[in-house]
Amino acid sequence: MPIIRVEMFTGRNRDQKRELVKELTEAFVRTCGGSPDALTVVISDVEKEDWGSGGVLCADKYPD
Amino acid sequence: MPIIRVEMFTGRNRDQKRELVKELTEAFVRTCGGSPDALTVVISDVEKEDWGSGGVLCADKYPD
Amino acid sequence: MPIIRVEMFTGRNRDQKRELVKELTEAFVRTCGGSPDALTVVISDVEKEDWGSGGVLCADKYPD
Amino acid sequence: MPIIRVEMFTGRNRDQKRELVKELTEAFVRTCGGSPDALTVVISDVEKEDWGSGGVLCADKYPD
Amino acid sequence: MPIIRVEMFTGRNRDQKRELVKELTEAFVRTCGGSPDALTVVISDVEKEDWGSGGVLCADKYPD
Amino acid sequence: MPIIRVEMFTGRNRDQKRELVKELTEAFVRTCGGSPDALTVVISDVEKEDWGSGGVLCADKYPD
């Protein structure tokens, strides 16, 4: 039943997302129990233009 | 004032979203009261590449 | 697989939440298809002290 | 450590987002304390087709 | 229509939340336009036991 | 910069949350890179009364 959601900068490819989903699910089951089948992961890619840190847009802070 | 947010696979068209907003709003007011005018619905389309279930990416589990 | 989340003022009882979950699920399936079994609803009760509208805390705007 | 997230209609440009991040961060620190460096802002642009109000899709209510 | 949500450590009082709602709303309108009346703010108090940073629980990192 | 949020049934103790934060952080860094210091985890405990699945309240489906 648990839901894990991840917000991260755009740029990871499908292989990384596949591994991320697998490893987050395993990490949850190992530490909190339950069945992996019941666990949902939702990933949001966030553009640097839509992320701020310390009052500064990440598009300015970390230009490509 | 209530906020309903929906995450679902990409693919529904505007007619379906229109009906979804209408019916979710009616369902809320019918069961919990309040005015429909105060209710907000936000929809997020999620790609199968960004959704995992049972430790497996939905892009792999349900290929198009 | 869809996830519906609801934020509303604290105060609804279990019967209302039971009906809300049932009706939101039916509304989704009716308009967007899919199986009700795959659908998750998560409810968050929000205190009036934690909700603002028009720049004003709802605890001030709508005192009990 | 605080996280502020903003959902708004698509359409603001990078300059507006830059100012938004700056001003939200300052507003938080001024009222709640803490260091601006610890504060994260995440912005989500939402299409009018994905936003409902009063049971009506905003794409219908506020056509471009 | 915009929605701003804030997650922060538990501990701010109602006066701080009142000011926070007021100032976040003003900051949004000043930088992105729109009417303050259409803007919603939702605050979530998060316990240090429910917040992790750098792989460490904040309850351990910042004990009371 | 990434943010991971977990929604799960109320009931895990601090030791489980500590391990969860540690292991989710490691899983993210291993698969997607970046520094663990930049990663935030936020946990939400959800009551069975606030969680629905298949149109049924989990408080009814899985009574204590």
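Each chain carries a letter (A, B, C, D, E and F) given by its place in the written order, and its residues are counted from 1.
Basically, contacts are C-beta pairs under 8 Å (C-beta built on N, C-alpha and C of every residue); 3 or more make two chains touch, one makes a residue touch a chain.
Fair warning: this is a prediction, and the values are worked out from it, not measured in the lab.
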Worksheet entry | Chain hops separating chain E from chain A, counting only touching neighbours | 2
Worksheet item: By label order, what chains touch chain B and chain F together?
Response: A, C, D, E
Worksheet entry | Between C-E and A-F, the pair with more C-beta contacts | A-F
Practice prompt. Average the CA atoms of each chain to get its centre, and name the chain whose centre is farthest from that of chain A.
Written response: C
Item to complete: Find the chain most remote from chain D, comparing centres computed as mean CA coordinates.
Response: F
Fill in: Averaged-CA centre spacing for the pair chain D and chain A, given as whole angstrom
20
Worksheet item: Once you find the CA centre of chain D and the CA centre of chain F, what distance in Å lies between them?
Response: 25
Response to the item:
Flagged in chain B as touching 2+ other chains are 1, 3, 7, 20, 24, 26, 40, 42, 51, 53
Item to complete: Work through the pairs of chains, note which ones touch, and then classify the graph as line, ring, star, complete or other.
Response: other
Worksheet item: Pairwise, which chains touch?
Response: A-B, A-C, A-D, A-F, B-C, B-D, B-E, C-E, C-F, D-E, D-F, E-F
Worksheet entry | Residue ranges of chain B in contact with chain E within the complex | 1, 3, 40, 42
Discussion item. Please output the residues of chain C touching chain F within their complex, sorted ascending.
Written reply: 14, 17-18, 20-22, 24-26, 36-45
Item to complete: Using the touch rule from the top, collect the residues of chain A that touch chain D in their complex.
Response: 7, 46, 49-57, 59-60
Discussion item. Under the definition above, what is the set of chain C residues touching chain B in their complex?
Written reply: 1-9, 12, 16, 19-20, 23-24, 26-28, 30-32, 51, 53, 58
